[in-house]
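Structure provided below as structure tokens; questions to follow.
Naming follows writing order (A, B, C, D and E), and every chain is counted from residue 1.
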Amino acid sequence: MKGKKLSVIPVMSAWSNRIGRAYILISTLISAIIILLIALVLFIYSWEAISQQRADLFTSIWNPAAGQFGILAMLYGSLMVTVIALAIAIPLGLATALFTSEMLGVRYRFHVKFLLELLAGIPSVLYGLIGVAFFSVWLGDLFDLQSGRTILTAGILLAIMVLPTIITLGDDALHNVPRQYREAAQGLGLYPHEVIIHIVLPLAKTDIAGAVLLALGRALGETMAVMLVIGGIDKIPPSLVNIMVPGQTITSKLGREIEETAFASMHFSALIFMGLALLVMVLALTAIAQHYFRPGLRLYE
Amino acid sequence: TKNESLNAAGSTTVLPIVVLAAERFKALHGVNVIVNAGGSGVGINQLGEGKIAIGMISRNISDAEIKRYPNVNFVVHSIGKDAVVPVVSSEIYDAGIKSLSLRQIGKIYLGEITSWKQLGGPDKDILVIDKEKSRGTRHVFMEIVLGDKEVSAPGADLVLGDNNEEQTAVMQSDSAIGMLSNAWLNSDVKGLSIILQNGSTVEPKLENISNGRFPITRDLLLVTSGEPAGNIKAFIDFILSDEGQKIVRDSGYVSLEQ
Amino acid sequence: MTGKPALKLVAPVVSGATALIEAEKFNVWFHDTQVLKDIAVSFDKGLINCIVGPSGGGKSTFIRSINRINDGIDGFVVQGELSFKGRNIYAAGTDVTQIRKAIGIVFQKPCVFPKSISENVLFGLQPLRITKLEKLCVVEKQLKAVSLWKEVSHRLNDPATSLSIGQQQRLCIARTLAINPEVILLDEPTSALDPVSTRAIEELMLKLKDRYTLVFVTHNIQQAKRIADKLIFICEGQIIEQGDKDKLFNQPEHERTRIYLHDEYCEC
Amino acid sequence: MNRNSRYAANYLFTAVVWSAVIICCALLCFLLSTIIWNGVYALSFKFLLSPASGFGANGGIIYQITGSILLIAVTAIISLPIALGVAIYKSEFLKSCRLQRLSNLLIYGLNGVPSVIFGIFGLIFFVNLLGAGISWFAGAIILAIMILPTIVLSTYQAINSIPTIYRESAQALGLDTWQIITRVLLPQGLDGAITGLLIGLARAIGETAPIMFVATAFSGVDIPDSLNGPITTLPTHILALAKQATDAQALQNAWGAGLVLLCLVMLLGFAALMGRIRLKTRWQ
Amino acid sequence: MTGKPALKLVAPVVSGATALIEAEKFNVWFHDTQVLKDIAVSFDKGLINCIVGPSGGGKSTFIRSINRINDGIDGFVVQGELSFKGRNIYAAGTDVTQIRKAIGIVFQKPCVFPKSISENVLFGLQPLRITKLEKLCVVEKQLKAVSLWKEVSHRLNDPATSLSIGQQQRLCIARTLAINPEVILLDEPTSALDPVSTRAIEELMLKLKDRYTLVFVTHNIQQAKRIADKLIFICEGQIIEQGDKDKLFNQPEHERTRIYLHDEYCEC
């Protein structure tokens, strides 16, 4: 036994302290409860589907009229769209982040970043409008498709939507690498690209991984834009890697169908189960990202 | 006063009528009618759950739906007539496909016919556009074409919801077929004539709809829970009045007396 | 943690104390590392009590323990006796705020709040229920006490951050004086300052030493030579030697003291 | 030779980066000019100041604008105080590493929840379980929950970036915890909170999925006179017109509403940017 | 920038140069603040060229300008002549990377890369197309040159960050030696170090001075006294005096030099 463990929180004297503390505690509790409540509500309302459909949920046929509720097509669509989005957005976004943080003068960095962040400000329903009016038509013409409403279209649209996230966070990650490392490497006579490849990127890699995971979560969860361009068909294409066909994601399915179902019916329950699956995926990603991110340290400690 | 308001929701086919009628109704009677879309299925569900006073539907209520809400006494009010027209991209229409039989259309949706060539058209794959399952348009169309309103359509390439979405998709394609309410036809989206079993063809024209010759017609309906009263009744009566029926005609549908 | 005796919770009146602050077998750990070992020392009024020693020796830890600023630090554990006016500072039920009001501290890096100069002086007087005139009086008095009044009297409402670092440090001292403490702890108050400001602070300390009990940590042997009265040499968490400045400089008892005070390359 | 190949590699690298930048800029230009080009024809004072009529083909979007603003105003009022409390708790009271991690997980988790999940949560919880029906206030609560993490994190970072020495200085002057919170932390935290709030609201005002099942109706809505009842907003209006309009003018009006929405978003974003700049120059 | 004459882009061969590095009317601005004014100096091989002067005088700015590390800093503007082997360092078309290979730099705070010790030594040799054995040779040779070999030879694959600060600084020097520069710039290389490490670095500099041109900035007058040969006193961006160490210490031409080198309370 060593000495007395001191209470970390200093003694509060006045009653205002007590009220203040109660307020702080209550607000914290509220926000903690909200998260649990969301998870709980989704779980309860998907229980009917989970308990009665069981493994049938993981088949590929969705036909509520016949009592078939297989979510594989939607799962496939969600994953495929996300993979496409990231495959486009990561290289593009990271290269741009390299530009803003390594090549651009400090003075302009801020302005350019702000401009690129404007991309992030465009509401997703507008992305949807533009996607239907332009991207799907262009893609259809370019690849001579029957319809431009494809998984690829949705992926491209999503890539554009998550691009600002990757650029901003990537730029922050690169910018957080202390200047002294760059100067030390420069002082050894390395070319700019060698400094970036050998020093800056490796040092920033955990933060970049965090940025990518965050973007992944965004892409998985995006609804409106995807719903308008993906085509809405619950099918897994015969060739799994054929991305120029219409499909369906979990989010677009929810957006289109949830209102058509009767509250608490099996159909409803199966849809909620899809939402729950989505939530679990996103939360798992968050947990992994948390593991990667350094915990926020207080400065000067 | 502001407190007086009604809620309506449902079919996107009926939506234009009700929205326009609601504007007039408010100007005349000061009663606000709040209208939401969603599709016929939504209209029935929300009425069943008591969230709205008036459901808009473009098809009949199914047995399953009646069973789902045993405590609700659905009362339907017909406010107009409409045809569900098989539509194709103008390119196909111009290439000579101006009419099809119900059997042919059915085979297209079942995936048995996949190219326009099989129908005497250009050598292009057919882009088959389906609608969401609970949509009134689809119920009526599939009932007549394939004999089952909730049949699956394995031949479908796209599944869309609202009429406008479907219209845009047909417009953007040069080889599409879809189903649309008569009000949505235009120069890019052409309605097909239907070849009847006796060999004669019927064009999707207002007179053929009103006289019942066009095979895929339906009533546009408002549903209430129990016999309407008060403002609900006033609103339905307004749509049934001359002024209301003019709105029906202006929206591209057939009014009751036509 | 095992094996170390528990902290006495009752605070015995230290017998015959004339010194305001006394430590006796005072130990400090951070987590499981012992940073201070059996410190026994007393600080007297009217003298400049100066603590010297190599970096990492525990000087800061010690004086920060005196007014319990270390409480907020994770893993901080104390044991032993440290008393202020005969009462154990770490006794249960002690009002920390009162202790801190009686024992002011000035840190190495001047830390002014991003507010005006006069608000900074008045910052410790919370909640402030005095008239404007009284406020002005306090501000004037304390700024005069730290010889800052002439330099800033015409711009009391300017942000304090606009002052030079040396002026900021004096402002910090003024702020501490305003709460009317009995003891003032200074942790290397001049190490961030230029020579002119350093001289000003040293003069200020000489001026204040009659009215307050000053405890002053420095790295700078020359400075200790100039202004200290009592010298305490702490190394590796222990007091190696303490006493009159001249004695330590001229006839130190320990070889380590001599080396540290005279040889630049002391390894201690 | 060796030197030359390194030189070439450097050029190649630069070229790759530049092409990425050009693509990004081109995308940005395309998106903005498309929205402006399509939207600007619909704009007029009449469009901004009159209610929609004729199925979106006539009239304007006054109730959509007021609806959107009302919704986010209430969102702000609900979320700000809660977020401040959480941020202070996290920064000042939560010292245990494990709890800190848990709270991070919860906050980042909430931040990652897809917006459509908020929508179906609202549909189940508010519309059905609580029987609120379509209620704009429920929508505001949903949006408040959605932007809570943004505000908390921004506030937390602002408070947390105050060097410890300021807390210790205030402690040394005999201030108690609540005084330190109100006098030292909150002035700074509030800046961070406002910044986070603006960023959050910029997101909230453009959202469709979380409110379309819960809070909005397409037609017949003006300014709500009670907490219950639907509201109409710019994004849901755009969606409805895009999906249901029969008339070309209505689609044009959808683009017009989109342009107005974009301007509102950018206004909020710009204000947040200003806040961020101010925040950077505060403590030393 | 207006009003200042543009940088001369043609690099004239400095006539009769024996010194490797020469500056003539060399000026530096950061944005609109002039930080270096009309610097004229030459650095000779075989001597330890030591730059001293008060903080903020521009010492770091100057030596960082020599190998163009300052290029990356916002608002950095140069004017005048700074030549390496008779070629203007800031001439258009100069390959900065080559300059940096010929002129190595060691910073105040040792900055090792988060890689292994041997990777750190080899880091400047990109792209590395030599055999494992050759690598080991380089590592051994350079670590021996900085007297680090004995201490770390058994753990060359440990992360470099596990070394003590003093060892890290020597590793930084070894890393610089490995690229085989002709000039080594050292910016207060010992100010973050303890006395033992300081002494090691000083001895290392004495050992290296025959083979390299050393330019060395220090804050510490005693250190300058110990190891400098040539002394350059920079104050407020100007060279006040330069020349033989003994001359500056014993018979300075300027009063300011005398005050700075001898009086602790120099205001300069």
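Keep in mind that, in the parts below, a contact is a pair of C-beta atoms (placed from the backbone, for glycine too) under 8 Å apart; a residue touches a chain by one contact, two chains touch by 3 or more.
Keep in mind that this is a model prediction, so the values were computed, not measured.
Q: Which other chains touch chain B while also touching chain D?
A: A
Q: Most C-beta contact pairs, which chains?
A: A-D
Q: Quick one: point me to the chain whose Cα centre is farthest from that of chain C.
A: Chain B.
Q: Could you tell me the distance, in whole angstrom, between the mean C-alpha positions of chain A and chain E?
A: 47
Q: Centre to centre, by mean C-alpha position, how many angstrom separate chain A and chain C?
A: Centre separation, chain A to chain C: 51 Å.
Q: Using mean CA coordinates as chain centres, what's the chain A-chain B distance in Å?
A: The answer is 37 Å.
Q: Could you grab the centroid distance between chain A and chain D? Build each centroid from C-alpha atoms only and quote it in angstrom.
A: Comparing mean C-alpha positions, chain D is 16 Å from chain A.
Q: Spell out, as numbers or ranges, the residues of chain C touching 2 or more other chains.
A: Each of 72, 74, 97 in chain C touches at least two other chains.
Q: Which residues of chain A are in contact with two or more other chains?
A: Each of 8, 10, 13, 132, 191, 194, 228, 259, 263 in chain A touches at least two other chains.
Q: Could you pull out the residues of chain D that touch at least 2 other chains?
A: 6, 95, 128, 163-165, 171, 176, 242
Q: Which residues, counting only chain A, touch chain E once they are in their complex?
A: 105-107, 178-191, 194, 198-199, 202-203
Q: Over in the complex, which chain E residues touch chain A? Could you list them?
A: Listed in rising order, the residues of chain E that touch chain A are 67, 69, 72, 74, 97-98, 100-101, 104-105, 107, 109, 111, 113-114, 123-124, 126-127, 172, 175-176, 179.
Q: Over in the complex, which chain A residues touch chain D? Could you list them?
A: 8-10, 12-14, 16-17, 20-21, 23-28, 30-32, 34-35, 37-38, 41-42, 45, 91-93, 95-96, 98-99, 103, 114-119, 121-126, 128-130, 132, 134, 160, 163, 167, 191-194, 196-197, 214, 217-218, 220-224, 228, 251, 254-255, 258-259, 263-264, 271-272, 275, 278-279, 282-283, 285-287, 289-290, 293, 295-296, 298-301
Q: What part of chain B is in contact with chain D in the complex they form?
A: 2-3, 5, 7, 12, 15-16, 19-20, 22-23, 26, 32-37, 49, 51, 161-165, 183-184, 251-252
Q: Considering the complex alone, what residue numbers of chain D touch chain C?
A: Residue list for chain D touching chain C: 95, 163-176, 179, 183-184, 282-284.
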